[in-house]
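Labels run A, B, C and D following the written order; every chain starts at residue 1.
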Amino acid sequence: MVSESATVTIKSFNTDERSTWCPGCGDFGIVVGLKRALTELGIGPHQVMFTSGIGCGSKLPHYMWANEFNSLHGRPVPVATGIRLAAPNKFTVISVSGDGDSYGIGVGHLIHTARRNVNMVQVVENNQVYALTKGQYSPTSQPGLVTTTSPEGSIEAALNGLGTAIMAGASFVARGFSGDPRGMADLLARAIEHPGYALVEILQDCVIYNRVNTTKWYRERIYDLQEEDHDTSDMRTAIDRSIEWGDRIPTGILFQNTDRPTYEEQVPAIKAFGGAVDRDLAGEFSPDDFAKMLDDYA
Amino acid sequence: MVSESATVTIKSFNTDERSTWCPGCGDFGIVVGLKRALTELGIGPHQVMFTSGIGCGSKLPHYMWANEFNSLHGRPVPVATGIRLAAPNKFTVISVSGDGDSYGIGVGHLIHTARRNVNMVQVVENNQVYALTKGQYSPTSQPGLVTTTSPEGSIEAALNGLGTAIMAGASFVARGFSGDPRGMADLLARAIEHPGYALVEILQDCVIYNRVNTTKWYRERIYDLQEEDHDTSDMRTAIDRSIEWGDRIPTGILFQNTDRPTYEEQVPAIKAFGGAVDRDLAGEFSPDDFAKMLDDYA
Amino acid sequence: MTTLNNMIFQFAGAAGTGCDSQGSGWARSMTRAGLWTFANFDFESRIRGGHIYYQIRISEKPIENHGEGAHVLLAFDEQAVRERIDDILPGGAVIFDENYKLDDSLFEGRDLLVIRAPLIKFANDIGGNKLMANTAAVGVLVGITNFSAKYIERSLREAFIGRYPGERGEKLAASNIEVLTAAVEYGAQFQDRFDFQLQARPGGENRILINGNVAIGMGAIGGGCRFISGYPMTPATTVLEFLAAHQDEYGIVVKQTEDEIAALLTAIGAAHAGARAMTSTSGGGFCLMTEALGLAGTTETGVVIVNAQRAGPSTGMPTRTEQGDLDFVLYASHGEFPRLVLTPGSVEECFRAGHRAFNLAEKYQTPVIIMTDLFQAFAQKTVDRADLDFGNITIDRGKLVSDEQLDAFGPDEMYARHKLSDDGISPRALPGHPRGVYMTTGDEHTERGFITESQSVRVQQMDKRMQKLETARPDMLPPELYGDQDADITLVGWGSTRGPIREAVDLLVANGQSAGAIHFPEVWPLPEGTENMLSAARYLIGVEQNFSGQFAGIVRRATGIDFHHRILKYDSKQITAGDIVAAVKEEVRVGI
Amino acid sequence: MTTLNNMIFQFAGAAGTGCDSQGSGWARSMTRAGLWTFANFDFESRIRGGHIYYQIRISEKPIENHGEGAHVLLAFDEQAVRERIDDILPGGAVIFDENYKLDDSLFEGRDLLVIRAPLIKFANDIGGNKLMANTAAVGVLVGITNFSAKYIERSLREAFIGRYPGERGEKLAASNIEVLTAAVEYGAQFQDRFDFQLQARPGGENRILINGNVAIGMGAIGGGCRFISGYPMTPATTVLEFLAAHQDEYGIVVKQTEDEIAALLTAIGAAHAGARAMTSTSGGGFCLMTEALGLAGTTETGVVIVNAQRAGPSTGMPTRTEQGDLDFVLYASHGEFPRLVLTPGSVEECFRAGHRAFNLAEKYQTPVIIMTDLFQAFAQKTVDRADLDFGNITIDRGKLVSDEQLDAFGPDEMYARHKLSDDGISPRALPGHPRGVYMTTGDEHTERGFITESQSVRVQQMDKRMQKLETARPDMLPPELYGDQDADITLVGWGSTRGPIREAVDLLVANGQSAGAIHFPEVWPLPEGTENMLSAARYLIGVEQNFSGQFAGIVRRATGIDFHHRILKYDSKQITAGDIVAAVKEEVRVGI
């Protein structure tokens, strides 16, 4: 579907639905970033399809006006794949969910979808905690974090989601910060434009359950890779950057590979017939066309 | 349990159960490798607990005499975790399953178990195909592979299992070859000795469904990292090696980090009380000890 | 005329503004003051904001239900007044800050004491901190009910000195108490216009106030549970959290897993190794456990699963209640294998299920599921310590093979994990003994645990496994009769409807309607005596919190007994005695 | 006396040694020769070795069952003779290579023609390749049955020239045909000692030989399925593979996913976007789909799931059959939502279910499950091309909102995906239209798809969704009566028992026992007329391939009708007409 950029403004995405987030939640910034990115690219609410999981962050698409399929905890990515493969010419597909959802229960889908290079964006809202269930440690929680399920402090190493995704074959990997909607919007726009699977992790403050990794904490540490001499096409440097965490935390595009074809481009049925949703179910084939199937068994 | 090395021989692991593998299957070599490794370390059949998934390769523990819990497709690793955490002093725990099982449906468990550094060995029998279901492409199949579900050739990039595991935090990562049971036995012994999570991928011929990556094909390509100047403690080099695939395929230990504590060592209950299975359920606490729980709610 | 010690309170406001902590402090104080308390927590699927409320009912005798309406509404914001005003019972009161902009018309024509109290003023002027307005509100409540302030003072001290040990806590507690005192005095002026009063009674020190999930957790620890793996999901998370909180004291391995698939499989691994192991989840997580449930069934692994139901299907209403999963739990996983299903209906029954489940799991070597629900998970009840008696718990591990027995094995003797037997139960050796090496598998297997393709072995093993349901049947707790077996109508329920049903029976009988009830604390296998008890009743009315009357269907399928009527509620809130009485009256009016 | 065109053959040996390909070649030749064929494939969960066999029955009239025993056993190894010898019917024959070391005592006292044929010798001497011994065996079979060799010649040519186009194939085919000719001649010498003969009949060119999974695949493609996502699992894989094989011709997107969780969710995504989408799996995979099933139910996404049952529980017996999943499929996923369950019982019914499922899924906007089983998935049957009529398929997409309708929306009009309606079905807009922007969710939601905490909206949406079951009921295919409605006994079944039950009725009636049958091609919602038809029967006998009689239980629960007797088989092999007749006779003897 041709974008109607002339008509898309930030307001196109406004909705009456009131958010259930806590005042000060980092998720608010992410809505702004997404609206801006779509507006910049002229992609209207009917041209984007959000899929989301379950968690505070997964509620995001509910709070902007756009198509959304709100799925299960950990499962927005396979739904996104289904939409992309059935309607490859119809939607910009963006999966949105928290760190627990994307890197925890759903990490298998992330890995295999990255590997396949399905043309979609996966936004990971990383607050390093399971927020909606009231603050248990998540796969990205820092070791030692005291929560209700780790009263003696978490004893798990935090997952390097970006590095893992790069090794799994993700062709675009970036990190943004919810306190910087402008920078984030730019990253998201690049991710949407990227032909293939794009992972965008957004560092995000949970003002209730994560008193360690606060906006202030992040601000003191983050820096922009694109302001440094970072070669996004070099996987090894990207891996190095993904490991960096502590005094300095990189944001921006870590890695991009535009040489890989998207999965959709290679699907035989799409190559030959286009999108499944655009087909004429009743008239495309005659009964005789179908009956040819029987010949193999005669 | 103290090992009774004096009494453990290769024969200790012999069983009358007849294998259902095809003549020439690479899995035969892996049984030999495992028996040798356990024998070398003096770990008897009752001191090891195998967990396995579903697939040709997952049948392996059935064909040697030892404890086994044969679980579900993709799920031997969480069962292994349960056994380790309940009986940390009782068993060497080894999970055994195919590439589809471990890297495909089960990859989420691999990642999170690696991250936690549970003290176990995960053996991945990699024949780059779903064999037991009659030869569909797997997450490690090479692109273009023609199978019943990819009649036009697979359009998916193969997963770099070893690199992904390293990024996820695996503290021991190695690759062996079923055609070299002696080398493999050595790798497995090192993996068993390694304090923490150890991934050992074994390249394995499926003579029926993978006519590309045959024993001959592997023999022409593999080389032993330990015969080269490979620093197993350097994660970046290990990542580089994990990417190597094609004319030269590395085997041996890619990566080892002995600095991380195991998960078990850090579990509060284990630190204070030892193994759950060794506890006296009836007599350990008095009714009054228990009743203290009520005080918080008075 | 003054009503003493028989009241309902509502503490209402937005999430995160303190009405929940004030509410639970109040409930605790009531219990300490020797009043029997039942408190329900009504909340939304969000962390801050929205509208939530605590409903606390108290009485001089034990109660099983949070009742309907409120005699006092403590409103912590304006919305709370609007949302809950209709709940206030005749002669009741509403307390809120004088600054709220609420039109008088809202209160017009209501038999209601409206107290616009200077809460923020007290807080600022006396305590020097606006946040103490909450304390002031509670003070007014103490004042109008003529209650003793010392219980609140104690809980204020505990709260502040607990959170900030040392001087800061002392200071905070002291200022709060000053605010409280002023507010109590302020409230006392309304006493003569308010007919409900509170007075402490003896006995509070022998009682505690807990919810169903804590009771399950206590039962489990008492019952030998030393391992829990789980993944957070409302309303099951607090079981996991309870065990986590006690991991140090009782040595419980607590593993938060990456998902529910791993949660059950990890517990299965632990149980296989020999630990008493459990997991807790809600419907969505139970879905992910179904495959492993069948594995536990075939491998004969005794593992305990708590399924705390919430309103489904799918993500549904995460903080709302329902009994919608019974059919699913009974038939979850493909093929057929035995499972035992417990459906406790009170805090005491939750405690009992918590420990009984482990004996049943190990005796029958098969999964045991404790079904509870969101209401029961969160609702708090006063119970006598004596009713949670750890001394009464016995550990029965069933047919365990000892090391000595294995030592005595002859040279050609082989341990067979799945040995056929009349009762379907095979002697179980914990793995690790040199003579007890064995394998087991989710594939159909021989007695020794090897994969088999044999038809006859298949039939033997199926028969053996399914026999366990029959062996277990006499061991299941029988249905519990309440009131008259011969009553004109008999209400039938399971799980958390127990309390409301009992109270409904009392109300009906008090109203001259002959009524009784049958409660099932354990539903599968259907306990012995089920058919007799049900067929002896005159007119059976199923009471369930689901759309289709699942238990009624299960009973009909198993026994042919068709309940005459079904009272079904699936609007996501707990059924009350009043709901049941109204539905029964309707049915009686229409003509039973 | 010679029996013509009424025979059963067994081709038995180890996996991977050619007995399966020879068997299927033979079955195909029979069909081409105008003989009605039914072939069952009995195999183990391994790729090579072990013991497998093809059982092929032929007749001059259509048959629905592979029968019992064999008139000829073609043994491809020694073990095959030992394993299957007892299957050989009186007057039958066994053919194997002369070199097999088999003691004569094995054959003693049997009414049996033992042909120790020089198969390897023919192969080596004439064909120059030991592998052609298989061809020789088939040649002997042609010889003793006096069949025409030309059908086998054709299939040999197809096989070799198909695999090795060009000269190599021609040569191989030619040598094989030489071997065949010699073997036919050799076999012919036994004709006078063998009473069973074959003769081609007209009509073969109008028929094909297919199994149930291929029929489902054909039906699905004809029914507009343009998307399948799946994960391999026996016996469901061949549905995925069939669509994959035709992805180019009909433009079907085929996605092999990382697991079954993703398989169903990917199909849900595709269906949500507007494609007719399906997935196929077996019990273990279905377990992993249960959570997404509820999501499809709540979001009202019409998606089709094939559940091909195999012997459970758990991994069970991967290559063996059972009907053990009905209860699970009916109640899978927590909470309550509508689902439609089809249970085809023949190749033709599989085809019909394959296309009907998509109309039902889109009309009722809810998941539709096609239940088949391992037996039906692999068993091949001769069918008339006319019975798989693509011209008869209509595409009914239900209440779709057109782009024009959306264009015409007023400025304040908002599309509501879950709009309330009397029949429970909301007009569905495919996403992508500027006026049709909407959200949907697995949380309870408003008509417009927003998450809600409202009790009243909750009840409305529950009622709406559940109403669809009632709306769909008249649309479900009614139970199919076979024989006399007034018969003394009526056998009741669903799914793959249809064939054996019908044949059992014929046998019973032929034996003077008054008998009829009722088959359910669709079971949920229970079709209209179920109660009438069942209660009109005199004596109901449920026939099911599971332990507990699941369908009987479901019927009792829904209607109160309790089958008088249940014939249950759960030994992992398909029930036969003989099994049923024997069980009925036992029941009659004991006294109905």
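Simple rule for what comes next: contacts are C-beta pairs under 8 Å (C-beta built on N, C-alpha and C of every residue); 3 or more make two chains touch, one makes a residue touch a chain.
Keep in mind it's a predicted model, so treat the numbers as computed, not measured.
Trainee: If over half the contact pairs have to be identical by residue number, which pair among A-C, B-D or B-C is the repeat of A-D?
Mentor: More than half of the contact pairs of A-D reappear in B-C.
Trainee: Sort out for me whether A-C or B-C is joined by the greater number of C-beta contact pairs.
Mentor: B-C
Trainee: Based only on mean CA positions, could you tell me how far subunit B sits from subunit C in angstrom?
Mentor: That pair's centroid distance is 41 Å.
Trainee: Quick one: report the Å distance separating subunit A from subunit B, using the average Cα coordinate of each chain.
Mentor: 31
Trainee: Measuring centre to centre with CA averages, how many angstrom lie between subunit A and subunit C?
Mentor: Here subunit A and subunit C have centroids separated by 37 Å.
Trainee: Nearest whole angstrom, what separates the Cα centre of subunit C from the Cα centre of subunit D?
Mentor: Each chain reduced to its C-alpha mean, subunit C and subunit D end up 45 Å apart.
Trainee: Mind pulling the residue numbers of subunit A that touch at least two other chains?
Mentor: Residues 54, 72, 104-105, 107-108, 111-112, 139, 152, 267-268 of subunit A each touch two or more of the other chains.
Trainee: Subunit D: which residues touch two or more other chains?
Mentor: 44-45, 50, 247-248, 254, 258-259, 284, 291, 295, 299, 314-315, 441-443, 451
Trainee: Going by the contact rule set out above, which residues of subunit D touch subunit B in the complex?
Mentor: 16, 44-50, 231-234, 237, 240-241, 244-245, 247-248, 254, 256, 258-259, 284, 314-315
Trainee: Going by the contact rule at the top, pick out the subunit D residues touching subunit C in the complex.
Mentor: 44-45, 50, 282-284, 286-288, 290-291, 294-295, 297-299, 309, 311-320, 322, 324-325, 327-328, 330-337, 441-444, 451, 453, 455-456, 458-459, 462, 466, 546-548, 553-554, 556-557, 560, 562, 570-573
Trainee: Given the complex with subunit A, which residues does subunit D contribute to the contact?
Mentor: Counting only subunit D, the residues touching subunit A are 32, 205, 207-210, 214, 218, 221-222, 224, 226-227, 229, 246-255, 257-259, 261-263, 265-277, 291-292, 295, 299, 385, 388-391, 393-395, 397, 430-443, 449-451.
Trainee: What residues on subunit B touch subunit D, complex-wise?
Mentor: Touching subunit D from subunit B are residues 20-23, 54, 56, 72-74, 104-105, 107, 130-134, 136-137, 139, 148-152, 208-209.
Trainee: Inside the complex, what are the residues of subunit B that reach subunit C?
Mentor: Its residues touching subunit C are 1, 17, 44-47, 49, 51, 54, 59, 61-62, 65-72, 75, 78-87, 90-91, 108-109, 111-112, 267-270, 272-273, 276-277, 279, 281-282, 285, 287-288, 290-294, 297-298.
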